[in-house]
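A, B, C and D are the chain letters, set down in written order, and residue numbers restart from 1 in every chain.
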Amino acid sequence: MKDFKSLLANYKVIFFDSYGVIRNYNGLIPGIRQTFEWLEAEQKEYYIITNDASRSPELLVESFHRNGLTIIPPDRMISSGMLAKEFIDLKVKSGMIAYLGTENSAHYIQHPGLEIIPIQDVSEKNIDKISALVLLDDEGFDWLDGLNKAVNLLRWRTIPAIVANPDGAYPVSKQEVGIAIGGLSWMIEKITGKKFFRFGKPDSQIFMFAWELAKRRYPDLTKKDILMVGDTLHTDILGGNKFGLDTVLVLTGNILAEDAEVRISSSGILPTYICASAVIDNQLDIYDK
Amino acid sequence: MKDFKSLLANYKVIFFDSYGVIRNYNGLIPGIRQTFEWLEAEQKEYYIITNDASRSPELLVESFHRNGLTIIPPDRMISSGMLAKEFIDLKVKSGMIAYLGTENSAHYIQHPGLEIIPIQDVSEKNIDKISALVLLDDEGFDWLDGLNKAVNLLRWRTIPAIVANPDGAYPVSKQEVGIAIGGLSWMIEKITGKKFFRFGKPDSQIFMFAWELAKRRYPDLTKKDILMVGDTLHTDILGGNKFGLDTVLVLTGNILAEDAEVRISSSGILPTYICASAVIDNQLDIYDK
Amino acid sequence: MKDFKSLLANYKVIFFDSYGVIRNYNGLIPGIRQTFEWLEAEQKEYYIITNDASRSPELLVESFHRNGLTIIPPDRMISSGMLAKEFIDLKVKSGMIAYLGTENSAHYIQHPGLEIIPIQDVSEKNIDKISALVLLDDEGFDWLDGLNKAVNLLRWRTIPAIVANPDGAYPVSKQEVGIAIGGLSWMIEKITGKKFFRFGKPDSQIFMFAWELAKRRYPDLTKKDILMVGDTLHTDILGGNKFGLDTVLVLTGNILAEDAEVRISSSGILPTYICASAVIDNQLDIYDK
Amino acid sequence: MKDFKSLLANYKVIFFDSYGVIRNYNGLIPGIRQTFEWLEAEQKEYYIITNDASRSPELLVESFHRNGLTIIPPDRMISSGMLAKEFIDLKVKSGMIAYLGTENSAHYIQHPGLEIIPIQDVSEKNIDKISALVLLDDEGFDWLDGLNKAVNLLRWRTIPAIVANPDGAYPVSKQEVGIAIGGLSWMIEKITGKKFFRFGKPDSQIFMFAWELAKRRYPDLTKKDILMVGDTLHTDILGGNKFGLDTVLVLTGNILAEDAEVRISSSGILPTYICASAVIDNQLDIYDK
């Protein structure tokens, strides 16, 4: 029997998922503020790795701040949108970038020399200038219009298609989920036969992004020095394991305590540890596998 | 070298696909009226087997009539919606049936003793009374609202989910396609993990439906007496072949003449014949394989 | 609270799965003989619908007879192999048929005028004469040689590929499964991109085959008169439901009593009834849904 | 009109695929030796990134040497097996590692303190000690025995399953392919429902591995300084593009010149350049997209 705090002693750097670990549809996970105060006091490095590309890092932390978690600065947020941005910086040299998402999400694809255009504005007049399609968020466009335009754009043009959130759905209340942009991308991919670039957990590029940032502080960092904390087996735990990290599944989000064993054994996705939450002052059940 | 007409001599009953064979986004395929006049004159039995469940058979033929093809009566139309109807008649005994589609498409799920309810009217108040979900058409509901409600309904209730059109997309102009209700169902199925009942070509139940009607006229009918005419490899030709019928691919719809060989060899779906069209007075290239 | 026997009163015809319902790796399900004796005494029509194409109907019942269940005649056995046979009779007019399976399984593809050839004998000399590939059983060939030959045959020739057992695996002992020919076919299909014809439950053609036999005795038979009894949700129950039949899940095979609720709600495949077994003299829990 | 050589001027580091670029089933691609001699003379850094985990880097270059390409040292070879090795080093702390592959392939999973065991030696006696399953090569085991044992091992134990080659098939002659260990893994994954860790192109971890090696020589290296050369769209080009590299498709392997346009537009996987080969003294067609 150990608690989450005692677990942290073995690691120099902690990677956290956001939704289901730090916050959920009700606001902050109760007590999570102490975890980050303790990390600051102990000078432990941490990053928050999220598949949420709906807003810039600044706006993402603003929602923490509004809820009283003011300690986290924007430079600790690593969003899958930042990977989409890196891809565009490296691979899209000219033309217009069409996107599905809110204006806020378009933050990630702004690039000097490239014009960005919401999917609703794609038409016969500009379709030949479009050089990439980026799926950022499930809001900000009419689904009927936007999804049909995205399908026809990919049939008409051979251009890269990027999705900055591989998740199929996300919880919007205790009972309900919402279809995420990743879920919409599955349909577009199957209908068009075109291969998407998917950034975000479990894909290792987002872990590498955080890894390279952490190496700036600790040049001798090894993967054994990092703990990944998440609530979702198929993204946080699968991706963390694949990247070579120790992983801890917390039970404050997608997986209920009573389902954990069945979900792990049926998927074969095995966290290094299981904790009740990422709150450090609780007495927690930890199963060291 | 033979023409479509000479091919017909070998069969007692002809099954036709509708879209891409009889009509397309521009109206009727030029010359197709003569085909049906000839069939009537020769007293050849025919059925039109369609994955279009957006309207009743009466309304489906009305659109032929408006275009001048007045010879086809409603009882020759076999829509995938009729299979959905048969399923509900046999398997749904009570409660409410939620549907995605237009009011016209709801024709297929009306049943004495069962209430039908468009997806937009599903709410916490009635969700526990819903005993089936039926996907009929891509129109008639707001996609954002309707698709999210469909996902949450299937997460909340263990009820049959039926889709009356397995197609992922359909042509809306020479250049463009529209996402079909079948394409939307793929996404819902993947997000929820719930298995859909899919009716319509290539599934054999729709062929069996037509087969049993044809047997009423020809009690000794064998599958060798039937020719399936279609423009789509994955529905018309695959389904016709699997049911044991001879099949003819016509090049007035989904497949262009120059692509036919590649599409056939890469999918492995081999029609018995290829014809330029189902128009009978043309001189046509027919490749007997 | 009802027993399986009282359930039978409502139906004229009973369809049984074989493995997991009548027998398992240990031999007959204890007490199952009385069920068939009672059906004979009551003159109830029954058929055994199996995805086992490894042997002819005669050899399939012989294994029942050896275990003391001598009452079942071969004409009650409907194997998915019989659908493969019907397909070949209708659709393969000439040439050689290559097969994966034992010599016994080749029973189903024998046809006057067609030569059959085990996959191991396919070579450069005869590959151009092969007009169909049929996957019948996981035994009877070396997997390395046979699977590679099957892949290359389908890459080289555009011919129909048929698999007479859609199951991925089957139980060989209380703890172990064996990979079935259906599982092997998934790999060949994915590697080659060629579409297979799959016969056997849950596909409706095997139910239609049994339906047409039963109609010979009861010309006015309706689907409401038939009960499908099976132990597997994805084949017996899904297929029976889709065909429009009432279905009963028995817990003597693939699904343990403690897992039934979870398996049903996570897949969305809902049997009409659940019984402990298909043995009629037991007192059983039946949940009428 | 440019040649491959003039293209190289823009890059500091070149990543090459091996099979289809440097060699094929006939031996070396004619003229490829000059490419590597020129790279050495120009002091250009290069790495060979291969999904071949059948042998150690030393044995992989030995096969180049035997064919007269003696200039490539083992430390330029990056095999997907090295990623499997890194995973085991980081994530498997104790127990036995079962593997599918030859004795040579087992090179990659040797680790002090861990016992390795070929799949054929897995039995009831040792199954509870096995802590990981690694799929390395399609040779070295009987498929019937080994694949069934792998399926049952993953059903019985919740352990990581790793496949060190994501390819489904590989060319063994001008006409024929062989099923690769990646293709076998698809089937095991689908039958068991357990999620595999897949290392090798197009997954970005193998590119990161090469990237970190190249950074040792050029600490200021950016992704714009690297060119990925490959013959396969779904591994070399997709993976290189996703990692942010410029990519060149060469036509000496999987894709014939006449098919390139269709294969690119149907998959949506677009190389930066297309060259006839990676041979530098040829006059080549280069399409700068």
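Here, a contact is a pair of C-beta atoms (placed from the backbone, for glycine too) under 8 Å apart; a residue touches a chain by one contact, two chains touch by 3 or more.
Bear in mind the structure is a predicted one, so any value in this text is a computation, not a measurement.
Looking at chain A and chain D, no chain is in contact with each of them. Comparing the residue numbers each copy contributes, chain A and chain B share more than half of them at their mutual interface.
The rotation that brings the Cα trace of chain B onto that of chain C spans 180°, given to the nearest 5. The mean-CA centres of chain B and chain C are about 28 angstrom from one another, to the nearest whole unit.
We define each chain's centre as the mean of its Cα atoms; on that basis chain A and chain C are separated by 44 Å.
Remark: chain A and chain B have CA centroids separated by 40 Å (rounded to whole angstrom). The residues of chain A never reach two or more other chains; the list is empty. Interface residues of chain D, counted against chain C in their complex, comprise 142-144, 147-148, 151-152, 155-156, 168-169, 175-179, 183-184, 186-187, 190-191. Listing the residues of chain A that touch chain D in their complex gives 86-87, 90-91, 154, 158-161, 192-195, 197, 203-205, 208, 223-224, 234, 238, 241-245, 264-270.
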